[in-house]
Amino acid sequence: MIEHGSGAKTGSGANSVAGDGAAADDNILVVRDLHVSYATRSGPVAAVRGISFVVPRGKIVAIVGESGSGKSTTSQALIRRLASGGRIDSGSIEFEGRDLGPMSERELRSIRGGRIGFVPQDPSKSLNPLMRVGDQIAEALRLHLKLDKAAAATEAVRILAEVGLPDPDARATQFPHELSGGMRQRVLIGIAWACNPQLVIADEPTSALDVTVQRHVLDNIDELVRRHNTSVVLVTHDLAVAADRADYVAVMSNGEIVEQGTTEQVLSSPTHEYTKKLVESAPGLASRRLTPSLTALGEQQQSSAGKLFTHTRPAQPAGSATASGAIPAHSGADAAGATNILEVSNLVKTFALRRQGGGSQVLRAVDDVSFVVPRGSTFSIVGESGSGKTTTARIAARIASADSGTVSFDGTDVTSLSGEALRQLRRRVQVVYQNPFGSLDPKMSIEKIIAEPLRAFRVGDRTHRAEVARELLEHVSLSPSLAQRRPTELSGGQRQRVAIARSLAIGPELIVLDEPVSALDVSVQEQILQLLVDLQVQFGLSYLFISHDLGVIRQISDHIAVMRSGKVLEAGTAHDVLANPQHEYTRELLAAIPGQRAV
Amino acid sequence: MTQVKAWAGYLLPKLGQFLFVVVATYTLVFVLVHFLPGDPLIAALAAKGGASTVIDPAELDALRVQYGLDGTLWQQYFGHLIAAAQGDLGISIATGVPVTEMIGRAFPFSVQIASLALLFGVTSAVLITFLAYAAPWPWLRQLLLQIPPFGIAVPAFLSGLLLISVFAFTLGWLPSAGARSFDAAILPAITLALPVGALFFQVFSSAVLEAQNSPYVFTAVAKGVPPRRIFTKHLLRNALLPSITILGLLIGYLAGGTAVVETVFSRDGIGRMTVNAVLARDINVIQGVVLVVGAIYALVNLLVDVAYGFIDPRTRIGGGVPSRARLGAKK
Amino acid sequence: MTNLRKPGFVLGLIIIAVAIVASLAPQLLATHDPFESVATDRLLPPSAQYLFGTDNLGRDLYSRVIYGAALSLLSASLAVVVGVVVGAIVGLISGFVGGRTDFIIMRFVDVLIAVPGVLLALIVVASLGFGPVSLALGVGLGAAGSFARVMRSQVLRIRSEEYVEAARTLGVRSPAILVQHVLPNAARPVIAMAALEMGTAILSVSALTFLGFGAPPPAPEWGALVSAGRDYVATNPGLSIIPGAVILVVVLAVNRVARSIGGDE
């Protein structure tokens, strides 16, 4: 019994999720027509606009939405602790039959941590850095269960063991910085479950973690739910995680719940447009290699027609113009160069980790890495944090230098280029960074940003560069009217398009893409990936693509290398690696991709 | 054993830095005094005896020897440095008394008001921050937060004279001058506490504000921890940590501030002694005072560094093998 | 500018404007000759004729305060210019060049900071002689150290921004990066800091003139006015407290405007 689409918006559907004839008091939490707004300089802004849902006892309800959908605000409203300026305007939050709205702070405090646990988003910042982790769990026990100091300490160690921390006795006396991200998240889960609450709200509990760690942490939550019969509100941006773990799903967009129901119903037969789009673009759920769109193929054929932008490419000087002559003349993309645009062999990069009080330890961030990128194709490196994938990419792009090994570009050794010769290499190798908020100078106009490489290489005059910038904006599907805006006025996806346009301006052959979509919402991710695939065909580009997300990798790669601890464990064509993984770790990575239980 | 080694590895560079600052401070003053135009001895004698003082060259040379101003600049530089290391800062040109003795006599008076001022200033900064944190109404919080910027803008001579005119002359509660009794230290200490407390407040309150919006405080709230305990257990320690690093800066402020405050309250002390030395162009005294103040500043910074090593578990000494998390973070 | 909608900011600007007029064209605001003594009008309380009262020689305190603005504010401005120019250049070089140059420069800066500003100013004054210019040089030198630090940290912050690395990988040369990325992004915090330094410099200069190191009497420097009134604090507290309050008001105004420029609130 599901109320579809518009029904949920009216605010009458409080029981819509678990309406299967269940009595109302089987619901631990009932939210009715909740409105939340934030005070800003230009008046109140609504963040949550009349949502209603219920959480049945012992069930997991996922709230899924992209950034700005209001899902995090909702989770904070459920314990009545909003960020400053936030207020609940109307509606009710009934927990075990009592409305939290009119409760005093004192009453709320006995509920928070005691009967409603909360697992926050960012494990690296959510623990007090100056307090031992055992004490941070014991604090909740002493407050709510009134345990004495010794009993609380013993119980804290037991909880650490229950959330799967090895050697809990020793861990309890450690400080947060001595634990890994996954362990810290387990401590936070321990705090949330410490007093055996009826309800736990988990706000993106695993989005800051590596995918294999994410899987273990989510398994741990599943286990706690089963053992303690806890109800959970799982807030996530990742539809695939919801698909794997939740009994019910509510999809939020723009502060409203646009669709809710059992997980199976929502995922297999979404009725709302937004849900459909979300299900389609979730990389873990149904990803496949993207193919160039028809318009891109059409443009490829006429790309040699006299467009402004293509004029800039033959502006490549003949070899004599490059200062040292180290880079051979590049006579257009169609000319026959080496089959492999990039070859790296036996790269090694070490970092000395200095320890407090002398002594150092050597970290082999990149350990004997070799691969080739065939011209016109996409070579991807996948790995978790600390795998060395980004360092490898930076060396390949000659941003960083290796301790040993060679990088050769288009058949020429570029390993030790420096100064002007290295600068000339930038005409042919460009980089797109992960964070579109950091990689664009906030003080520059979009037009200036895109034209910057042209200016650096003295291509054309000011009017010409402005025209090229506008044309490039069209190529990345942005309106040329954005040319005079500043980056801060653009959304994340728009900024990443600008960064891509900038990398194209000078007409490079190889683009190194370092996690180019991981800072973006899933629906935007797919658009950017599609854009990259189209541009590759139009301009004959080669990509070196770095990502932690196998779902994304699958959508764009021709060849894949899997890295861990600085080493390439396995490499091959995308199909081989994904369909027939040879290395145990690759199989583990594939198994950890969320969304496998669903549909 | 490894513990000792770890401490040595941590302390030795800091100790070197301490020595460097002291020697470099001495060098800076030496350069300023000797390379700016004018003969320092003649200027001092002129200040002593009036502009028309005429001294015959032989007598002048004798005086140069007496005040350690003879020989080449290199000889003077190293001679004074070695003497200073042995605790001899030369002889005052204006009074003929050894500088070490003058500083030793004036020092306790200044330390008295400076430490009281530090105590008043830091306590009230923490108190105002807590009140602002706990204030139930936004307007009250705003009002409390306006006090410290005001404290920074008040000239010390103004606040000093106001305090004198109210508490000494109008109410007659406290003495307006002198340094003989403890009572006499209260008004100067309050005067000094104003800018020092305000400076500390700026750093401390912004650290509290930052900590207040931090995810770990959210975790504490979600745990059901009451506000007062959040302030004492979670905010205070985290916010004090960055705040103690400006302690050295505060000592510098105090040293400068005593010059005005001791003049306003007609108190003996380092500050007033320095002012008199400058009026008499008595470079030996000036040099000695700056050296001592620079050394104290460097010493306080050294102590702050050591304290940091103790308090913050992230920089705690001898903490075993770095965990995987640290390796990952360094990437 | 949203700042113009804040009453505190606007009031600050008005006060600063009045202070500037007073220092450039004091005759527009003064009501009396600041040096003329009227023997019969000594130590009078504030009135319509003498807005701030008269001093022990029967001179109009209000006009003396107005005429004092020029000396006090000009030394303070000179101090800020010295501090900002020296500090900003040193910090910029240190931060942008980096490496050993940075290390050596910063050790010198450490020393400048180790000596309290007032003491440093006193050394300079003792060596160069008393007067507004040596005061300004001394105070400026004292500020240069912390200024260099701020500038350097700004440069380092911007240098580590991803858009600077991006510019490098785009093929932009170092000088162009400095001009196009580092300077525009460092400008605002540095200007705010310079404005804030103006308040501090006014305080330092007035403290030093209070101690008697400024222009010789009867020049009406603000600190010297307070000092001159000290002897009458038991009977005529206004004589020193009014000029002191004027300093306070001007410093508050300058700081308020500086904070708004820095985007503090």
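Should a chain be cited, it is by its letter among A, B and C, assigned in written order, with residues numbered from 1 in that chain.
By definition in this document, a residue touches a chain if its C-beta (ideal position, glycine included) is under 8 Å from a C-beta of that chain, and two chains touch if they have at least 3 such contacts.
Keep in mind it's a predicted model, so treat the numbers as computed, not measured.
Chemist: Thinking of each chain as a vertex joined to the chains it touches, would you call that graph a line, ring, star, complete, or other?
Modeler: Basically all the chains touch each other, so complete.
Chemist: Name the chain pair with more contacting C-beta pairs, choosing from A-C and A-B.
Modeler: Pair with the higher count of C-beta contacts: A-B.
Chemist: Calculate how many whole Å lie between the centre of chain B and the centre of chain C, each centre taken as the average of the chain's C-alpha atoms.
Modeler: Using C-alpha averages as centres, the distance is 21 Å.
Chemist: Report the inter-centroid distance (CA atoms only) between chain A and chain B in whole Å.
Modeler: The mean C-alpha positions of chain A and chain B differ by 48 Å.
Chemist: In their complex, what parts of chain B are in touch with chain C?
Modeler: Chain B reaches chain C through residues 20-21, 24-25, 27-29, 32-33, 36-38, 40, 43, 149-150, 152-158, 161-162, 164-165, 169, 252-253, 255-257, 259-260, 263-264, 274-275, 277-279, 281, 283, 286, 289-290, 293-294, 297-298.
Chemist: Given the complex with chain C, which residues does chain A contribute to the contact?
Modeler: On the chain A side, the touching residues are 41, 397, 399, 423-424, 426-427, 430-431, 433, 435, 438-444, 452-453, 455-457, 499, 502-503, 506.
Chemist: Enumerate the contact residues on chain C facing chain A in the complex.
Modeler: Against chain A, chain C makes touches at 2, 161-163, 165-173, 176, 180-181, 184-185.
Chemist: Would you tell me which residues of chain C are touching chain B in their complex?
Modeler: Touch list, chain C to chain B: 107-108, 110-119, 122-129, 199, 203, 206-207, 210-213, 223, 226-227, 230, 233-234, 237, 240-241, 244-245, 247-248, 251-252, 255-256, 259.
Chemist: Could you pull out which chain A residues touch chain B in their complex?
Modeler: It comes out as residues 79, 81, 83-84, 108-114, 117-118, 120-122, 125-131, 136, 139-140, 143-144, 175, 177-181, 183-184, 188, 191-192, 351, 353, 355-358, 361, 363, 365, 385-386, 390-391.
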